[in-house]
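Have a look at the structure below before the remarks.
Going by the order they are written in, the chains are A, B, C, D and E; count residues from 1 in each one.
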Amino acid sequence: MITISNLSASYHSDTELVPAITDISCSIDTGTTCAVIGPSGSGKSTFLRCIAGLQKNGYSGKITFNGEAVNPSEINIGFMPQRFGLLPWKTVKENIELGCKIKNVPLASRRKTEEILVNELGLQDKLERYPIQLSGGEQQRVGLARVFLLRPDVLLMDEPFSALDVITRESIQKVFFSLWKDASVTTVFVTHFIEEAVFLGQQIIVFSKHPGKILSTIQNPFFGRKDKVQSEEYLKFVYNLRLLLEKELNE
Amino acid sequence: MITISNLSASYHSDTELVPAITDISCSIDTGTTCAVIGPSGSGKSTFLRCIAGLQKNGYSGKITFNGEAVNPSEINIGFMPQRFGLLPWKTVKENIELGCKIKNVPLASRRKTEEILVNELGLQDKLERYPIQLSGGEQQRVGLARVFLLRPDVLLMDEPFSALDVITRESIQKVFFSLWKDASVTTVFVTHFIEEAVFLGQQIIVFSKHPGKILSTIQNPFFGRKDKVQSEEYLKFVYNLRLLLEKELNE
Amino acid sequence: MNNKVNTSFLSCLAGAAIILICWEIFALIVNLPIIPHPVKVFQKLYMIFGTTISAHLLHSLYRILIGLSCAVLIGVPLGICIGYFPKIERLFSPLVYLLYPVPKVALLPIVMLLFGTGDTSKVLIIFAIIIFQIVLSIRDSIHDISEELYYPLKSLGASFNDIFFDILWPASLPRLLTALRISTATSISVLFFTETFGTKYGLGYFIMDAWLRVNYLEMYAGIIVLSLLGLTVFCIFDLLEKTFCSWK
Amino acid sequence: MNNKVNTSFLSCLAGAAIILICWEIFALIVNLPIIPHPVKVFQKLYMIFGTTISAHLLHSLYRILIGLSCAVLIGVPLGICIGYFPKIERLFSPLVYLLYPVPKVALLPIVMLLFGTGDTSKVLIIFAIIIFQIVLSIRDSIHDISEELYYPLKSLGASFNDIFFDILWPASLPRLLTALRISTATSISVLFFTETFGTKYGLGYFIMDAWLRVNYLEMYAGIIVLSLLGLTVFCIFDLLEKTFCSWK
Amino acid sequence: GASNSEKKAETPSQSKKPIVIGLMPDTDSIPFIIAEKNGYFKEEGVEVTLMPFKSAMDRDAAMQSGNLDGAVSDLLAVAFAKSGGFDVCVTSMTDGNYRLVAGKSVDLANGVGTLKGKDVAVSKNTIIEYVTDQILAKNNMSDTDIEKVVIPQIPLRLEMLQNGKLAAATLPEPMASIAIFHGCKFVTDSAELGINPGVMMFTKAAVKDKNSEIAAVYRAYNKAVDYLASTDREKYIDFIIEKNGFPSEAKSALKLPSYHKAALPEEKDITECMEWLNSKKLVSDKYSYQDLVVKGLF
């Protein structure tokens, strides 16, 4: 279980200290997924960076995994930043395998998985390219392939499907889903699409506008239920989430 | 009118020449909007770069504005790249005013517009920051503010709202709409959301998967018609577009 | 901010202390006039600074500043043009590659024949050595600018002027400062070679003269002043970087 | 590809032609033995290359290569550590800033005291001058790495080893090559200062000796060989850049 | 003890310590080169390494850092080193010549007086400046009567003089002869004035520890002087020019001095030189002949 209590983080901007998130407390059960939605600039990326132990200026508050402090070399955190985090001097293949290499996962055992994954993400004929030679969506898929191949304990993804067209997006959502089911990866991801949050998040955290607080933490009854998307309850649920955000932004 | 005939472009990748778009012909009437949708990696960004005269390896085919070859110093082309194209050494304010500065538009005359725009895009308290100090969505809004402030003759935007939450996205769509109405800007934009394409594009161009050809050019009856989104025809129209993409990708 | 300046000042003092202690220990071990004790050197420095060294310092400073400024004024635009225009690159890069390794030291006779033994020759040699360092650094930094940064300007048909001031110059400024740090140290070394002729002033002359007279105390005093001069220039560049490259 | 190599070779030839023509015109105008005609110099070079210059060349090459390699082997890890660890930076940056401007030329007596008049001293002086250029360049290039590039590694608790080989080294390689170009030219100049004592071999010695013998033809022949040596090294660096930095 | 050292003297090649001597590219060094070439050092059973230098600074740096036992040098360098705290001494004089040479177009009707107010190139605080000042003094001029232009590099001084950029220059041999060979005009030289500041310098430590070896070096030196005096110039001039790095014109232009066997410098040379150093405040100590010169090595 990931437990976050009284998390605050801020940035130095010239002379002042600008708070990015203030007093965030929540918990995510092991093996569950959690979607984070909220206005642009509300601190969602900052929140994810804090969990991954990457917030440079540090933070106040406490983040624990199963009661212990975060130690990225012990647990496997797969983190996909908003800008994908590809290393420009590595080929697509090297970038995909980077996570496993760092974690000393024998790649031989992953060859099969890797091949399937690369095919599912449509990267099979781009393996020898450098990131600069890819389109935006292709770069995003490489970033996804890296964290998927690693099969991490904790998966943190910042707007993971934002640069993909609808069809590719849905097929990759499925890839994620089967990975999650297989390996029951504890997942926190940021998205701007309420429908996506509702489809993929067992728990939905709604951020307030800047500086980010938690507006609401919702247990999502429609998780994984594509069959319900036409139902009235679903539409109402989605509509209420929308209303929450709208009210927050138009205050 | 923008006329594009037999446009092809390709990239050098090691030894081979990889085609990105092949034999694209279409035309966009002055003052109209055109949405481009298509699978990830199909060449949409390349297409936009060609129109803006930025394709580095050159292209074959012909692109004319009102019958004449493209000359970016004569007409005003506002181009917003997929990664926003902010200059890291300029503050938000300088970045926003860059377009006007280049085009020698007296900024004094735009002060009022600028202030309104900055407020509408929610950037008022970030004007003195550098791009690196902004969240992804904030960066995108700066990029949008730049092209909006310029009020260009031709507006080219590559996934302009991809990093924004639903509410902000919709409010900025409105800003774009009123700009377009005011100044009747010829607009070509790329989006991954069929609903967005249908709401903002008078004409919708659907790209095939890589290498990009035009699958279909559609005159859109639901342009700007938010009131119709519950109607059966609308849902059918959207569904058909989706089907087109789905078929293309699952071939 | 104030705190930061203090820390860096303190760590500079600590660095100086380490060096002085090593020097003293070394002097004690070797026990030869070749390595005098730092205390004595500083006493000497204190004694002769006002009367002689300051004048030498000013002459050297003047030559370095002129040489550096000329190299920047010509080298930066040249480097930017070479880096930005492939055609100019094709013409000039071979010239730079061919001329840079020519040892300027060996061309001293020609320079002196053409420009005499005065300050012109001295400045010119500093200039000729440094300009290549600057041109190459700037050229390579221009090559490293990502294509995408040009998009918003080029799509508006921006003039080269605009591209220069909005992209090329700010993008290469941090690396210009790196190059200038290296160039400053180089030009200090070059003083030893230019200030040996036709002048009685300059730290290069002062140190070489003290060396010839086997006056190691004065020689080291001169070396210390030269090092402090370099340190000052380095700190100025650091300050410039903090001020003008705060966007990083 | 092949075509590209041909063009750059051609433009190099064109550059050489321009320089030779300028030189010839200059020689005609000045009409003094101090500026001999290029043709004569090349004749001389052709005559003495096999018999004498090649041996001098090998000695100089050896010294430069050892000096450069040591500077890279020590300077790159040091520069990377200074740039990456703020604590090491606080300790070492002041040391570098204090020691870099110290004119190494003036420290010759000490170097001779410690290492004699043999090759060790010569290599050491080259090393001492160049290492600072490399450390500073590398340090600044590490500072320029965007924070985001570290995310995928750091979130996995990557060791410094991983960060070094996957990020720090490849990110600083292009600027290391820029620094090496500058350092090569510097070390060529330093030859004039190190090869004047305790040796009868080396191009620095050869040129100085020719100068003292007022044999300008040989002096220029030596300068040409030295320049060609530099050019070759430059081209090797260009090739390395094309091979290992193809991701740009 | 005594029998031991006698034994050493009997089997010299085994027990004698090696000696390193620094040379300069001037005429003073020629006997050493000849001695090496003709194997005189071997004959005397001493292992001598001759280390050539191109500049006095390099030579002094090597000397002061203990890489040399002795060197071809001059009185000024010795005085400087001694006042700088290095225990060195003069062991003998050497034969060199320093000449004041005027440019081609200078009219020498008035002798040295012609140079009043004109550019004369010297190297500062060296033997060259000393000789120049002595020449001026002999002609009732002071060093403010001419414009001293400092050019330490000898070939550069030569080049500037030949190209009319200077009125005159003081040059060592063989450069002075070359300049005259190329049409420049001889004014006067140290030989004419009877001053001779060229000396052999040894460290006190070497004189103490390697007494017999230095004596052997001088025996070889004297053999070389004999050889130079008795042998046809043609036989060795090419070798000297090659070995010493003299310009090829030196073959015909250079007039070698008549070399003397190892001898102590004259008292006058040292007192005059010390006076000059003291008056210019270059050295504050007043060294006497006894302070500087060590006798009894040959």
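Here are a few things to note about the model shown:
FYI, a contact is a pair of C-beta atoms (placed from the backbone, for glycine too) under 8 Å apart; a residue touches a chain by one contact, two chains touch by 3 or more.
By chain, with names taken from UniProt: A, B = NitT/TauT family transport system ATP-binding protein; C, D = NitT/TauT family transport system permease protein.
If you're wondering where the values come from, they're calculated on a predicted model, not measured in any experiment.
Chains making contact with subunit B as well as with subunit C: none in this assembly. Among the chain pairings, C-D comes first (most C-beta pairs in contact). Spacing of subunit D relative to subunit E, judged by their CA centroids, is 37 angstrom. Rounded to whole angstrom, the centroid-to-centroid distance between subunit A and subunit C, based on C-alpha atoms, equals 49 Å.
Subunit A and subunit E have Cα centroids separated by 83 Å. Each of the following residues of subunit E touches two or more other chains: 57, 61, 64-65, 155, 159, 163. Residue positions 83 of subunit B are each in touch with at least two other chains.
Multi-chain contact residues of subunit D (touching two or more other chains) are listed as 32, 34, 109-110, 113, 211, 248. Pairwise, the chains that touch each other are A-B, A-D, B-C, C-D, C-E, D-E.
For subunit A in complex with subunit D, the residues that touch the partner chain are 49, 52-54, 56, 71-74, 76-81, 83, 85, 87-90, 98-99, 101-103, 130-132, 146, 150, 156. For subunit E in complex with subunit C, the touching residues are 56-57, 60-61, 64-65, 77, 80-81, 83-86, 124-126, 149-153, 155-156, 159-160, 163, 165, 282-283. By the touch criterion given at the top, residues 7-8, 11-12, 14-16, 18-19, 30, 32, 34-35, 90-91, 93-95, 97-107, 109-110, 113, 129, 132-133, 136-137, 140, 143-144, 174-175, 177-178, 181-182, 184-186, 188-189, 191-193, 207, 211, 219, 222-223, 226-227, 229-231, 233-235, 248 of subunit D touch subunit C in their complex. By the touch rule above, subunit A contacts subunit B in their complex via residues 11, 13-14, 37-41, 43, 45, 82-83, 122, 128-129, 133-138, 140-141, 159, 162-169, 171, 192-194, 242, 245-246, 249-250. Interface residues of subunit D facing subunit A in the complex, by the touch rule stated above, are 147-159, 162, 166-167, 170-171, 245-248.
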